[in-house]
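Note that the chains take the letters A, B, C, D and E in the order they are written out, and that residue 1 is the start of every chain.
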Amino acid sequence: MSDTGYLPKEKIKDFLKELAKDAVVYAPCLEGDIVLFRPFSEERTLCLDRPANTPPKSVIYPQSETLFAFQYKKAPEDHQKMSVELKADIGVPNMVIFGARPCDAKGFRIYDRVFIETNTPDPYYRKRRENTLIVTLSCAAPSPGCFCVAVGGGPAHKEGSDVMMTELEGGYVIEPVTEKGRAILGKHVIEDGKPYLKDAQHVQAKAHDEVRNPFAPDELPKISQSLFNFDGFWEQVVGKCVSCGACTYLCPTCYCFNITDEQGIGSGERVRSWDACMFFHFTLEASGHNPRPTKFQRFKNRVGHKFIYYPEKYEGVIACCGCGRCIRYCPVNVDISEIVNYLKDTHQELHWASSRKEGTQPTVGSTKDE
Amino acid sequence: MRVGVFICHCGNNIAGTVDVARVAAEMRKLPGVVYATNYMYTCSEPGQEEIKQAIKKENLDRIVVAACSPRMHENTFRKTIEKAGLNRYFLEMANIREHISWIGEDKELNTAKAIDAVKMAVAKVMKNKPLYSSSFKVNKRVMVIGGGVAGMQAALDCADGGLDVVLVEKSPSIGGMMARLDKTFPTIDCSICILGPKMVDVAQHEKIKLHAYSEIDEIKGYVGNYQVKVRKKATYVDWTKCTGCGACMEKCPTRNAYDNFNFGVAPTRAINIPFPQAIPKKAKIDPAFCRQFTKGKCGVCAKICPTGAINYEMQDEIVTEDVGAIIVATGYGLFDLDKFPEYGAGRYPDVITGIQYERILNASGPTSGHILRPSDQTEPKTIVFVSCAGSRDKSLGVPYCSNFCCMYIAKQAILTKDHVPDSQSYVFYMDIRSPGKGYDEFTRRAQEDYGVKYIRGRVSRIYPKGKKMVVRGADTLLGTQVEVEADLVVLATAVVSAPGAAGMAEKLHISYDTFGFYVESHPKLRPVETNTSGVFLAGACQGPKDIPASVGQGSAAASKVQALFSKDMLESDPAIAQVNTNACVGCLKCVRTCPFQAIKEEELRNGKKVAKVIETVCAGCGVCTSTCPCGAIQLQHFTDNQLLAEVNAICQG
Amino acid sequence: MNNAEQIKETIARIFPDVETVICYQQGFDGLHATPYFISIPEQVNKLIWNPLCAQNLTSYLPSIKKKVGIVVKGCDSRTIIQYLQEGLIDRAKVVIIGVPCTGVISVKKVLREIGHQPVVDVVFDDNGNIVVKTQKGEKRLAIADVCPDKCTTCQYPTPLVYDHLIGEPIASNKPKEDVYKDIREFDAKTLEEKRAYWEKEFERCIRCYACRNACPMCICQDSCIAETREPHWISQRLSLQEKFMFHMIHAAHLAGRCVECGECERVCPMDIPVAKLKKKINAEMKELFNYETGVNPDDKPPMYTFNVDEAKIKEHKL
Amino acid sequence: MSGVAGKELRIVGFLCNWCSYGGADTAGVARFKQPTDLRIIRVPCSGRVDPLFVVKALLTGADGVLVSGCHPRDCHYTDGNFYARRRLEMLKRLLPFIGIDEKRFHYTWVSASEGQKWQQVVTDFTNQVHKLGPMHAKKESEG
Amino acid sequence: MSNIKNPYLPELATVLRVIEETPNIKSYHVVFNDPELMKSFRFEPGQVGQLSVFGVGESTFVINSPPTRMEYLQFSVMKAGEVTAAIHNLYPGDQVGIRAPLGNWFPYEQMKGRNILFIGGGIGLAPLRTLILFMLDNRADYKDITIIYGSRTPPDLCYKDELKEWEERSDVNLILTVDNEYPGWNKRTGFVPTVLKEVAPAPDNTVAITCGPPIMIKFVLEGLAQLKFKDEDIITTLEKRMKCGIGICGRCNIGSKYVCKDGPVFSLAQLKEMPDEV
């Protein structure tokens, strides 16, 4: 068998069923008008013709998970004596993410550096990541707002994927990316894909050219520190932001989280749940002090994290995969690519300063401006 | 946290149907509970002592007592734990008696319910925070509203105790209903003869400031510091000049003014002094009748007045009185005759009310004490008294007994016989209620010594027949129809709340029942207190009562005020609303809903606008807390988290 | 709705009386409009006005302290009136440029019609249609077919409050009795159906709080009890119960306050019909207190007042 | 787990301290027998009862919720129950919309002297909830 | 799975002793339940730990006992929020969780042979205490040690017994101050930055280590600059809201630095490189 497989379109359900034999298969399914990754079953409607509304990040990094359960126990002979029992159960089944887009898969690589490639790896993420096979579908055409090619990705970028599929008229060309992915070629319904490889590559190249690059001609955006640190800039560009968490929760690369104890009587769990740097509460301290009290500061941190801080730590890798969801689904159309584009032009400070009237303060406050 | 749980047997009251030992054992399993025990009578002195000992020995920091209703003993146990050094708000009670052991028969179910109840209390007490009251100065001045016998007694007792008293009376003279009575039962002594000296005492007491012919406009503040706006209604007579000589009244050409004092038995003058013993004995003009006001010309009184006291331009005057406590003695009202279509609804002049009859009997009344019936001023020979005219009649909205009618009917019947020896009185009654000292003997005397005929039954109709009034009713004892041809019919109309009682209650922030009578703090144990601290009740404003009861309450209310004022500083209840200024967004919805205007807007140093609770005004209802969308204003001791802890203990526990 | 020029002129005139004007400009693609904050008159050339301008801009008003101009549609004006009822804005600090509106478009509905293709171009013709060009061709859609649900029963096409009115007032041609028709229809379902419906919808919620933050009447924002531990109403567990509770909090806090602008639903990335709960409460407020939000600045929001005798509330029997 | 399995359902009661809690006390003093399902939370005033407490209880495990305050016009805090009446009526009408039988929620007015009425309310409401059966049993399997 | 440590799983520990330092600050002596761990546990002065009250949550505190005294770990807790309030309800024998050590530490190696100036305010003495005690236990390694410490009122001073001890020592120069006159207080009054100016320590061969409320830090840094201290010789330790403690969760970062992992100890020189989000 060659290095390339081929899955005829009519066999896609059989393929998924085969995968589902020894794994939970998450596939993009139609739910009302939107597409979500759901454990696949016969009753569901597969939807592969556009990226899912939410990335598959919750499969490996659930929105809320129990880090451990605790239980207070009283000694039977002495009710004054109380001990605590902690139970951390990281049991994870084998999982497949089917039909993720390359940007989604790349997102997991952003997470890997933080959660796994560190001296304090996160066992929960790691276990799920190890147990998950990521089968990606390359994009034949861009989606509204997306810009993967501008942040080091592309519609057939393979980073993060175990298998890359490319859609042709009659089926999908299947290219294993990792050793783990190679096993998929052995599945019954997979035919030899070698004859189609060229066509697939053609599709991929065509798609690559169609994706917009807001930062062109730069290969990767370089951010002007002085504009980045200029408050007036943020006040102008994110005045309309409503400070919700849609962008971060739909982002394949956002990973900020919260840890809380949720308790019943005498027992409970320590829960890790997604959090959003756009929320006021995110950094609110017990004293009432908040180091990032305004949405401007919070938005700046979000952009900074993706385009400055993360690259600083990880050899220039931008923590944005250009999927465009934050743009598409933003309640007020805040466009991060536009903002970053402004930021990379080092001569714009004057422009930003002059567009504000002399001596006036920003008029649109955050919800908690002081 | 080290919670101690004390389960009370209450003798067999609880232990009889709740397995208290098992409840205690279950509590010992709860995290945070380091001590749980059951005890025969936790509220007894040894029981309380045990709590104190356990707090010290076991180093307890929060206490749950599962026993009777907290309405019964919460204060007891709060004091107990306070004596042991804990903040009083570290106590929670679980009501396993009234709410469990007394109402459920199945011991198994009761025990399970008790376990839940105590668990809830434990869950809540773990969320409790220490609260500290702050203290504030008391203005040792008391206002008495209402100058009837109850109010006068209260005013005199307070004043004799050295307090400054402001007495506010709505009508031109103090004296109230009692001043209108002829004689009082069961002693038949002259009402005004015993009341008059008291009225003079009030007038002459240097500690009493009297605002007659005045009403309450507005009451602000809180116990110890009330500000009351008193409206001194225009009398059109300068009382500083009026000597009460009565010349104006004599010469007044308007002779058809309604006589409030005599309940319209006869007309009076447009300028009048209500009655000879009035305090203050001053004239006032009734502008509804005075020709100067209705026609724009007359001026007779102004011409005649030897001191030039008449002032037609006079306006109402508002004075503000600062007081520390208020005694409400606003008395009662009476059912109108027009409520009784079957009795002629006030159309027949010879069907009158009991109080009107009092005035007819009274030597200083319109008939100078001669019993003359209103229609033709002849002496009636057959008089019918109808008791329960409205009282105890659900259909008329007066399901209650008016308390003293049975007694005054007997009195009036006796007096009638004295005045007109050849008269015959009949009394239609439902039951004769005469439970007071010497009362029953009195009603018997009416029947046995004065030949008053008592007919048990309701009067169904009264209608005229020539000069007579036919009173038709049933004799339920004989089971026959009865008809009496009477010269005069006296209805013992129902006692109702004073006109405007509800409005007054709202100004005072006290509760009133469906009938408009004011509600006391506790029907047995706190009969003169209200739920608004610093406001006390005396007399019939709380419910129909006779003279001795009213006087007794007047004295009781006075002693309550004395006790309150025995301290220079008062402590505020710390279980009030508190604003977390970090969370408050300044929407001020709480300001809108606070029933007490206890919340105002405040600007913080950083310019942020937030809500602020005026501690001394907040009554602790928590309406603000359930109004606030962001949980920023929390009623202490009943915070969202405290109530959620209880909800969770039930639903998730 | 060719009023853009007139709006621009008006804005140019109200400077420098105002420091900022909030209006619309083109968003990231042809199908989206986005809020536009103008602080100097010259910026006005980027302003747009067309049926893409669906967003209720008034949400920004309470947080702005300076004098501000704002472009409002009929529906948006109800928010301003509600703000006035609740004392959340100072009328003297807002210059309202009212624009009568014949209906806006719902991006979600258009996307559904064009199969979620990226759009190349969008044009509005004079016959009330939107023409959407995509790679796969051109689609002409009647705006009436792709407008948000609120437009289909719009009673107030002309702003109820304004300082400058652009164009002529329009009267509503939608029957008043239809406003709560959808609510009545939904209410007619069985309890089980309704429960199942909400469980399915709320299960998708990702608690991003876009609905809350976009809501003009959600004044708590950063103090929302969905995120606090003091008080601690909901946990961070991802259970249906918590999501349900959040939406009930949102609905309860909007009782008698929701101006039916539909922002919550418009912004929901998970397509949850969150406005429905609030509309139901509004229907009840109308029924109970004859109260309609955002139409009369002198009204009192019904949850912050009472009548001693409530004509429509009867004691419930067991 | 609150409630004795098989016999009882979980019913949460919010009672104002001055009237209804007192009424429940009065019923107790008079030994008026009542079903035992009800668990009582004491609040100062029915105006303190945020409708969300009711929602929270119903969503997290209660089969029924009862709120009782002073009779209108008879509120210890003058107006508290007037606000409660509006809020709770709103909730009562909202519940069926989200698929919760409004019969699981009842609000009423019981004064401190109405022990007998209290007994009646508790008995009738408990019976009513029992007729509807448990609310959460079938949901147990769900996450 | 068991071969790698779960960084979120706290070690169970028991409260040994509770010391009431001030009306709203208590210190806790805590020992791990596992005696082996207690023996093998190592940390450096300035490192922090996450203290758990199960059911309420975690909060970060500096381990303010020195690594030279390992009978127990001491944490000092000021009551501010939910977790600290829960900690204040702990008694000896109660169970807690500890994740420690986390973060960096004071560069004490580079301080050897230098004069040390500690400037603390209120609870800000806690992180300094660990280093002070560590240096006193290695007294010969350091030259002059000066401590300027102040609080609002005398009862608000932490570690009163130790203050007395240090005051009596000849090899420590302790300068105490309270904001205003107070009955029975016969030492200095005035704010810490003011006292710093009065004392005016020489910057030569001196490292200044400061911790306290933000407003104090602000003026202390100004004061030190006036005294010609170099930015590299001014060390402070930051307090932030932390959750994970391992540089992931995203709330304690200042720019690309995570206070929980890259801090909490920073020199002024480093701080000046970071965005102003303290």
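Rule of thumb we're sticking to: a contact is a pair of C-beta atoms (placed from the backbone, for glycine too) under 8 Å apart; a residue touches a chain by one contact, two chains touch by 3 or more.
Note that the structure is predicted; figures quoted are calculated from it, not measured.
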Those chains which touch chain D and also touch chain A | B, C
Name, by label, each chain that touches both members of the pair chain C and chain E.
-> A, B
Between chain pairs B-D and C-D, which one is joined by a greater number of C-beta pairs in contact?
-> B-D
Which chain, with its centre taken as the mean C-alpha position, is closest to the global C-alpha centre?
-> D
State the chain with the largest centre-to-centre distance from chain E, centres being mean CA positions.
-> B
Compute the distance, rounded to whole Å, between the mean C-alpha positions of chain A and chain C.
-> 29
Where chain B and chain C are represented by their mean Cα positions, the distance between them in whole Å = 52
Distance from the mean Cα position of chain E to that of chain A, given in whole angstrom | 38
Whole-Å distance, chain B centre to chain E centre, using C-alpha means?
-> 63
Residues of chain D that touch two or more other chains sit at 50, 56, 60, 73, 79, 83, 87
Which residues belonging to chain E are in contact with no fewer than two other chains?
-> 82
If you look at chain B, which of its residues touch at least two other chains?
-> 582, 593, 627, 640, 644, 648-649, 652-653
Provide the residue numbers of chain C that touch chain D in the complex, in ascending order.
-> 183, 186-187, 191-198, 233, 239-241, 244-245, 248-249, 251-252, 255-256, 277, 280-281, 284-285, 288-289, 302-303, 306-308, 310, 313, 315-316, 318
What residues on chain A touch chain C, complex-wise?
-> 31-34, 36, 49-50, 53-54, 62-64, 141-145, 236, 239-240, 242-246, 248-250, 258, 260, 262, 269, 271, 273, 276, 279-281, 327, 329, 331-335, 338, 355-357, 360-361, 363-369
Once bound in the complex, which stretches of chain B touch chain C?
-> 580, 582-585, 587-589, 592-593, 627, 629-632, 634, 639-641, 644
Which positions of chain A touch chain B when the two form their complex?
-> 72, 74, 79-80, 82, 264-266, 288, 370
The residues of chain B that touch chain A in their complex are 28-31, 33-36, 58, 119, 123, 582, 606-608, 648-649, 652-653
